[in-house]
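To keep things simple, chains are lettered A, B, C and D as they appear, and every chain counts its residues starting from 1.
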Amino acid sequence: MSTAYFKIAGGTVYDPVHGVDGERRDIWIRDGKIVAAPSDPDVRPDRTLDAAGLVVMPGGIDMHCHIAGPKVNTARKMRPEEKRKADKVVRTSTTRSGTMGSVPSTFATGYKYAGMGYTTAFDAAIPPLAARHVHEEFEDTPCIDKGFFVLMGNNHYVMQSIHRKEPERLRSFIAWLLGAAKGYTPKLVNPGGVEVWKQLQGGNVHGLDENVAHFDVTPRQIIEQVSRAVDQLRLPHSVHIHANNLGMPGNWRTTLETMKALGDSRGHLSHIQFHSYGGGEADENTFNSKVVELAEYVDAHPNITVDVGQVLFGETTTMTADGPLGYYLSNSFGNKWFSSDTEMESGCGITPIEYKNTSLVHSLQWAIGLEWYLLAKDPWRVVMSTDHPNGGSFLAYPEIVQLLMDRTYREETLKHVHPAVLERSTLAGLTREYSLYEICIITRSGPARILGLANKGHLGPGADADITIYTPNDDKKVMFELPRVVIKSGVVIVDQGEVREPVNGKLLYVAPEWDVSIETDLAAWFEKYYSVRFRNYPIPLDYLHEPEEVACR
Amino acid sequence: MSTAVTKPADPSVKVIEDSTCTFCGCVCDDIDITVKDNHIIDAKRACVLGKSWFYNHHADDRPSCLIEGRPASVAEGVDRAARILTAARYPIIYGLSDTTSEAQRVAVGIGDSIAGTVDTTTSVCHGPSGMAFQGVGEVTCTLGEVANRGDLIIFWGGNPAESHPRHFTKYSLMPKGMFLPNGRKDRTAVGIDVRKTKTAKAMDLFFQIKPRSDFEALWTLRALAKGVEVDPKQVKDDTGIELARWQDLMDRMKAAKFGVILFGMGLTMTRGKHLNSEALLSLARDMNAHTRFVVKPMRGHGNVTGADNVVTWQTGYPFGVNMSRGYPRFNPGEYTTSDTLARGEADAALIIACDPMANFSQPARERLKSIPYIALDPKDTPTTRAATVVFTTATYGINVPGTVYRMDDVPIFLRPAFPSPHPSDFDVLSAIQRRVKELKQ
Amino acid sequence: MSLTLRYKANTSVPVEVEGLTPSAVRGLSVSEIERFEIFNGNRKLPLAEFFDVSGDSADGRIEFLGNLSGVHWIGAKMSEGEIHVRGDVGRHVGSEMTGGTIHVHGNASDWVGGEMHGGLIHVHGNAGHLIGSAYRGSKVGMTAGTILVDGSVGNEVGLTLRRGLVAIGGACGDFVGFNMAAGTVLVFGQCGNRPAAGMRRGTVGLFGGTPPTLLVSFRKSGVFKPLFLQLIFRQLQSLGFAVPSDCWTANYSLYSGDHVALGRGEVLIRETTAS
Amino acid sequence: MPILETFILIPGRTSKQGCGISEGKFEDGYQHEITTLQVAPQDMKRLGLVNGDRVRITTESGRQIEVAVAAAAGDELPPGLLFIAYGDLSSRLMEGDTHGSGMPTSKGFDVTLEKLS
């Protein structure tokens, strides 16, 4: 890359990391990074972008989505009927064609994120056995930096190490597995429950202290031990948790127990909306919101962070490593159902669904998501997400921004959902409106801090020059849907919504140390149970395109 | 990671451990191959098909490129190929099941650039199963799950004993698994087919059904699974098997802890095709109301599963993808290669690593013969012999590194043994893509 | 007078005229219509390269003339007006149409009235596969309207049909009414194997040739002369569809099914022994 | 007068055919495998066929191939069923129509078998 200066002049800058709240500033870029203004006043930028009157923010960061790998690709294959009717993504001289729907093709995914001002995204659930597949798809997903979380909550070696009370072995295995897959942090999906699903018809665990047969461990032990190991490894991000009992009435107790099980360890609870339900088991009449209780606990515990998993009304495709959940959803919606169990590691469930504003349950899910944004006091620990595509598409983020920033719009929308929402959630009484500064936190600076990405989510010297420039508009949906300019690593990739130069984007991974002495036992165990050779499992660094190691804390 | 090359005494001999055989969908990655002077003299653990794959490998002494039968430079061939493809109004790209996913990704990109149609051998293999999956979904798993948990294994309309020889020993029948400490003894194996094949002879139970009655047999089992009363006489007439035997099978299926149905092209190629597959996928789904049950198509070629994955992630659709409008469209029976050729619509073709001149219907072959087309193949085939431009390419897995996807979508790493004098599919396709873009300027 | 489009091209490459509907061309001058862009494979070209255009479009009626078997999507998504084709046509005739009438005086290829939502299609010759069907992956097929084919058709007629009427004068292929959710499919000629497999609701009438054996998951529940058939026959006749005389007087066996699916569907098979 | 009988013909993969692909499609081994029609021993006997006899196979639509016959091993084939290794010849019997599936019907052909003298 050239060493020329690129200056974004006179924009209204939002940079919460440095406490900059809508001040007029210049931003200097060199070698794809943000740099201090040159001390020599005679230095002229080789290129200047006049941002006067425009809003300047760091590029958006989606810390929890499903955009690559076997699960996502299977969902694409499964939904020709949705893709056929969706918007077309037509080939241009610089961009590839593709398809949309709730699960866009890879190139389309990159273009659409960039077109919305997002420049980084993390896939939340990858079985390491399929990591190679993910790296291949990521190389075909332009415009954004990418990384993924590695499924470990039902990994046999993890459960075996916990059962044998071997925390050092567990820690080394986690480091080895992250290194083998070139992943970012351990992900726990319905810890223990997926293994039970593999063993029994309709099998699952329903509480933190149920025993997982054959492995003789409990979900609580998995959460305690893995979160501790992650902190001991000083990984940039915490353990990333999809708690047990997702979507079930009354599951808020399980969620609270999960938070408590973390003790002092860091923990990120993903799509918390799906885990904040009161009411009796499978009893719709008592189904209600428990955000107040859970948000209170989160506020009081700085080791805990969440992303929301907002539900939007309309059709989408649910996809999860939570096999039993997929079975439950396909039965309740009566749609086609895909399920795949990955040896030693994970499960997978996919089924199309539709969220209806006429449905009590769906309306409450929508309201509970908004409650989380509006009730949680510290925006640095609440991240915007739709758990794309489970709650809705990532393309709904501008809609969510408007719901948060514009109280009248929110109240108008509330009139069109199931009336019971008024009694069963506190949403109607919430008057809070987000500022641009706070929006910048929950979509950029917050996720960057939670993920431990020192070079992202801010506009200070040393930051990656991933920058989004918006044209101010009272209609916040319009403002955030169509950025004026999007810059990735110092390159203007989007201009007025048009993808100009689809740069490739980096692969973000961690490389913690492990005790190599475990490899002997690991190899023996591996050859006994896996269907691929131990030697062929780890992914060499030279397989990756534009890899960037993110340092441990 | 540990190096996979050990150096024996004789310096001219090289052993590559845990190399991958790409001949069939099993994609065994545990083959130790011994190489002496660019010849494979041993392929430890390879099956009869694998040994033939490795031992018969020799860099074909044909030139790397032929244009209308005359030797030409690769550059000339690339230019001619790009001109044929850009001049065409309905060009098709077909094959792709025997090359790396890296090459497949470039091929789909060419299809996009020339606004053509991209299809893979899936459409004449398990394409119908893919359509069935789009209808009802699929309950499945990786092969390691079969090895570790599968206590009832049903082989339906396939003959892995001859088409996937190591499937029994590595994945489905013999292995001692986590929940099956005694291996074969802990499993019940059931064969359902119209022929008493070598596979049938390895089974505990065999159902020799009437030819073309797979759908009726599957519907009978679906009825029994749901407890629907059926007429014994009609069941016997329809399937050639007594109801009592079907009932016994259903009882065993319900009693199994983890049932597995592995099926072949006896379903997808026989009258009923995708709806035979849909009946089977539906049965496997139904069974999950009683116990854990999975189903898995036995994919044929080394990387046909990769072709499905690559075409899907780049376009959103798995095979038979038409991009003539500038965006992808999908409609099996319309954009699939057997159809675009047999109906005389395709006016140019890029054929990669497959042999339609030997395996397609007469009308399809006659059309292909009558249009300009380019063929990439390591070997001399009826398709390469009739092509306008032929590239002799290096063999994936043996000469070329990269990624392939096993029949259960598990991506597998390739460890080539030695280089080839010929370019790889990836090299040739990348050059064609560059030339196409130049011509489009 | 109506707009006349005489096909003059000679190309093996598919010609796609999606969007060329009565409402789209109404009020356009001949020269404007000649510039209307259609597709020939991957080339976007003016209509005039393929058709001689004459007449005017004011009355919302389009006449296609010539052998259009290589021309596809005629009348796709049309909402009103009339299209008359004199000659054979290609695929997707009247696909996703919501209203209006299409008459094909010749043979049609596959996907006639694919995912149709209203209106009438009458093919006076034979038609191909997947008539009045859903496209792959969709659980909602045709939702309203009427498709009449005087001649014979191929496989999967009325795949996952939701509502509406499909009547086939001649023979049909395999899997008529597969996974039907509701609606009516009547076949007056011989039908292929596995009729009505997986049907959840709706009616499949098999009135011709040797009565087929239904799958084991169907149950016979009697023999009678259903009144509603007489009503449908009258409706068909009024639309110019020939109903064989013996169908009016015949007895019909009623089967319920498919009990492997929801099982609320009915199959009516004409008894060969006249009453 | 020629024997003219109806059978169901099933093309399929064999390990010989599979190995033959690697050995080379123009080699004798592969060619022999894909041009040999397997017939149930009972049918061979009944029709007075011996290994190597040439027969003509004709589909309902009139597509034809000529092949040599060989008795199927043991009880692999029931009477009335024919088998041939998947390849050039078997594919010549397929129709262009795929019934809106992309897959031509490639197994289970209704054919007549005619002994060539």
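Points to keep in mind about this one:
Please note the rule applied: a contact is a pair of C-beta atoms (placed from the backbone, for glycine too) under 8 Å apart; a residue touches a chain by one contact, two chains touch by 3 or more.
In this text the structure is predicted, and so the values were computed from the model without any measurement.
With chains reduced to the mean position of their C-alpha atoms, the one farthest from subunit D is A. With centres taken as mean CA coordinates, the chain nearest to the overall protein centre is B. Two chain pairs, A-C and A-B, are weighed by contacting C-beta pairs, with A-B ahead. Taking the mean of the C-alpha atoms as each chain's centre, subunit A and subunit C sit 47 Å apart. For this pair, subunit A with subunit B, the centres built from the Cα atoms lie 34 Å apart. Centres computed as Cα averages put subunit C at a distance of 38 Å from subunit D. Centre-to-centre separation between subunit B and subunit C, using Cα means, comes to 36 Å.
In subunit A, the positions touching at least two other chains are 78-81, 84, 335-336.
In subunit C, the residues that touch at least two other chains are 110-111, 129-130, 135-137, 139, 174.
Each of the following residues of subunit D touches two or more other chains: 99-100. Against subunit B, the residues of subunit A that register as touching in their complex are 68, 70, 73-74, 76-81, 83-84, 88-91, 96-99, 101, 103-108, 129-130, 132-133, 136-137, 140, 156, 198-203, 214, 327, 330, 335-344, 350-351, 529-533, 535-536, 538, 540. Residues 134-139 of subunit C touch subunit A in their complex. Only residues 1-2, 4, 17-18, 20, 29-30, 101, 105, 109, 112-113, 115, 130, 133-145, 147-149, 170-171, 177-179, 257-258, 285, 288-292, 294, 308-310, 312-318, 323, 325-330, 403, 405, 409-413, 415 of subunit B touch subunit A when the two sit together in their complex. The residues of subunit B lying in touch with subunit C in their complex are 88-91, 114-116, 131, 134-135, 215-216, 219-220, 222-223, 226, 228, 230-231, 234-235, 238, 271-272, 275, 323-325, 330-334, 344-345, 347.
Of all residues in subunit C, those touching subunit B in their complex are 11-14, 39-43, 70, 91, 110-111, 129-130, 135-137, 139, 174-175, 178-179, 193-194, 197, 213, 215-217, 259-260.
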